[in-house]
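Two complexes are shown next, each including chain A; its partner changes from chain B in the first to chain C in the second.
Coming up: the complex of A and B.
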């Protein structure tokens, strides 16, 4: 049975609809990321689950029990905020112990649980410190321990690492994932960072303007973004317009293998991942040719911006560093795989060497 | 050294180009010299003379000798002791009333947003813009015998048992509370707005109800603001003059009116001086306690 179920959840603030009819279920032990640009309603959705906001409409179930009307202090959820999480006048021990003491546990039990919690987040021995004596990363770990010692059914995190520097963020991510797997606790993690979501989640719920536009595993979301918003938001993507009815606008449709069902459309968008190009020097017939505008060394690969006839912006291409390219050089590009988006319909995946699917 | 390029042509800052360099610290002292001199000649020096005056007396040989006789006399005068105790009592009650009235208002202002909140905030700040003497006369019309309050009570409820606090100790408390409510609400609201919502939400998240969150999170974090408000209110109330003079009883009276009466009506300037020094010392002790507790809180946070 699903641990959490959201049913047509809506939240309005005056004229602003922050969450616009969200349906979602989170399974036992699942790590789900709520991903989307700033202002799309992620925090509001999470706060409704925690009980800090009352939904305008819809229902929330935890373990099959309706909790929509339950105040936050009685819900089996625990939340970690982005910042200002620890009570500054309490020691680390007191911070973690507070929730346990409210549950009237014996002193020895409290002490044991606090020690276990600190162990789990790698901060054993920090009991006596005040929050002001901890680094940002340590503070977030204590906040995590404070949430976990209460053994909640659902762990909620609202961009918990976004105010930390990049290296620390990556380390804490890995640590969080280890802890989540170890405890097998259902987790909802809010982030606007697609890379963070891709690296953490079992499933990602991609949000836009208060709606979930796609709910999929990271690899599915990356391989088959359901609409142009998802295509652009997840990973790097080239979005190239083409017009079957007028080859002079945009990408020349005759160079593409368009799905049969889409050839009558007035306008389409071709989405190609930068790593899905085959680069050839010199150019060969049947491919696109373009001029290298800029090359960037990205460490283990090379990023190249290529000016392409019909493309309004330079095309991003990721290529192996074994191949040399210079700026101003003309190269050939062959897309190995791309998605074609028509308005208001599911995209069609095209792999030129494979038989065309029916749209 | 050769300097090339446009950098070499930049003029150096005037202060460093001459033979004399004015150290920063000297400049700083020069800037505060004038106010320091004014304070020294007009306040500190006369104050020092007065204090010196109260602890000395002429000896038989004509020279001055140290003597606490004036203070012994003060504490042996029943009226003086009574007035001092009265002042302390009124001050304690007013400080408590201000806190008990101001804190709920501040809490309301911090945790609600809307028209009513704005209105209450304006009302709370209003006394700040009314001169004390005007407020005092307005209050006399309001709470005095046959004042508006008495007439309201009579008209609305047929209540006849009203006794006016005017010229009673309660009158002073009402007047001083009116005067002090603005600054009380301002400081407490500022203190409350320093507490991020997330700290209180986290508390409810781990299982605290509102009441528990208030006592365990809000109150401890408000400790310093409360201390500031209490100290400030103590100092202004204890040394106040206008309100107790206009609204209070003739006897016992607070130190402000008492000093004035001793000085002018009884024409005993040296006794008024002793009263002033005692008033000053009590205020100084309270300020000192405040400073010490703030410093110890800081040390606690940093250790």
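Coming up: the complex of A and C.
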């Protein structure tokens, strides 16, 4: 049971600022994802927590104790790396036992803990194997066991499943979550895969250019992305640049109600999730009208690209498969819910059926 | 036109290749020819080592004998040369390791000004005609009174070992994934322990290959030892050259050749058993 606190953490490599003043606290037993595109500083932040990078400025506290100056071999953290980093000259047992032996534990205790660790990751009986005799997924499980047997205060994972194939990735995700819940260990998971972050995390810290853009629960982050970057990065989103007095979309301005406070704004972007459209065939007056450009069967739903008159890019629409649409068909769209982003201010959520929020 | 010409050419080449490939005797002939060129001289030396008399037109020795083997190994200069060679090779290999391995680690892991230049400079000793280099070094050694001394021979033979002992270990250290070392740090190993228990075992096969190549190379090194060591220090190859130059008896040289061939063969067999097949290649970064 432990907490982690990052205080104004900064890391510069020469002229490049990788992490630009990150404040973050992770609670007891919390599963936190650092999410962002490559180069956003998420891995650097994780490596500073592990002790592999020295912060240029700022402090790291574990359980309230400053650990910023502590070398990685003394920190109560354990890391699972992106590549399978099992030592190839050691057996599975030796790999997992290595850290335990360094702690001068009795032989019987080491053996018991290794067995427990392997049990936890579902690889009991694999003690004598060499890493080269294991599949990628098995190797990463052993790496997880190697980290967990040390009973670290904070578990760190750096894109641990990114080199595995999709099905295995999903299975290991579920397994990791089960183990994390079972042990109640504070966990920081770095990923660039928003789906992975959404499915695992208690909270997601979305990073861009070395800063945390938004720190929220997955559902909040999905429902209310704080800026356009977050809106575009999390899930699928249609971003429609628009202007109250200049309906560049070629849409009837009345159908796109803008919050009162924003109507004078020079540049606005309307963000609509593909699942937040109601599709009507045929189109009726007052609706957005568009031509179906492409339809894709996604299994349990249908993805449709619709070209709106006057719009530069087609909008994505997710719709139920019970409704038939054909390519080249003209359909009507009604946004059920959308967000309006203006520069330099918080986005406003608009749900047309409800009274307009007063901004 | 040109296109069709090449097409015709290609189909002709293809046809003739197929013709050849269909006849196994062609491959066998090639193999025999190669064997003759490669093994012929060795076979000749081998036969001479067991010969008493070999009259000219005969394909094989006219009188076989092993009597010269006793004669050869009864000679004091050969025994002394053997001992000198083993000692000097051990000293050179050891010194080379002490000097080169930390350097190789630095080359692999640290960034410093002139790194590439320095790394390439070790090629320089192999880029010049060896003997010219040795003569200029010998001039300096003469002033330093190193001619005819063991330290002199050791120093000049060290020059030869630098390339293997720097380049192979450098490539090996570079080949160690940093994340493997970080993982060991992460579970609590001190940096020294990480080096000893993770890094070193991972580069050990390549280091063994480098040490072995250095030892064998030094054991057979002749030019430097001849130029700097004579007359006081005589390694085995130097003794052999003298035997061949001064004696009319071919057998001494032949027997020594065969005898000298044994240790390197044993070492290479040992190497193949201990090292995994691709170690030497991986040492070169292939």
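As a convention for this text, the second predicted complex is superposed on the first by the 347 of 359 C-alpha atoms of A that agree within 3 Å, B and C clash if a C-alpha of one lies under 4 Å from a C-alpha of the other, contacts with A are read in each partner's own complex, and residues count from 1 in each chain.
Here is the rule we use: contacts are C-beta pairs under 8 Å (C-beta built on N, C-alpha and C of every residue); 3 or more make two chains touch, one makes a residue touch a chain.
Small disclaimer: the values here were computed from a predicted structure and weren't measured.
Model built by superposing both complexes on chain A: chain B and chain C clash. Once chain A of one complex is fitted onto chain A of the other, the partner contacts of A:139 are absent, as it touches neither chain B nor chain C. Looking at the shared chain after the overlay, A:130 reaches chain B, while chain C stays out of its contact range. Legend: residue contacts after superposition of the two complexes on their common chain; A:88 is shown touching both chain B and chain C. In the superposition on chain A, A:50 makes contact with both chain B and chain C. With the contact threshold set out at the top, residues 50-52, 71-74, 77-79, 81-83, 85, 87-89, 98-99, 102-103, 143, 146-147, 150 of chain A are in contact with chain B in one structure and with chain C in the other. By the touch criterion stated above, chain C contacts chain A in their complex at residues 177, 179-180, 182-191, 193, 197-198, 201-202.
Those residues of chain A that touch chain C in the shared complex are 50-52, 71-74, 77-79, 81-83, 85, 87-89, 98-99, 102-103, 143, 146-147, 150.
By the touch criterion stated above, chain A contacts chain B in their complex at residues 50-52, 71-74, 77-79, 81-85, 87-89, 98-99, 102-103, 130, 132, 143, 146-147, 150. Of all residues in chain B, only 196, 198-199, 201-209, 212, 216-217, 220-221, 301 touch chain A in the complex they form.
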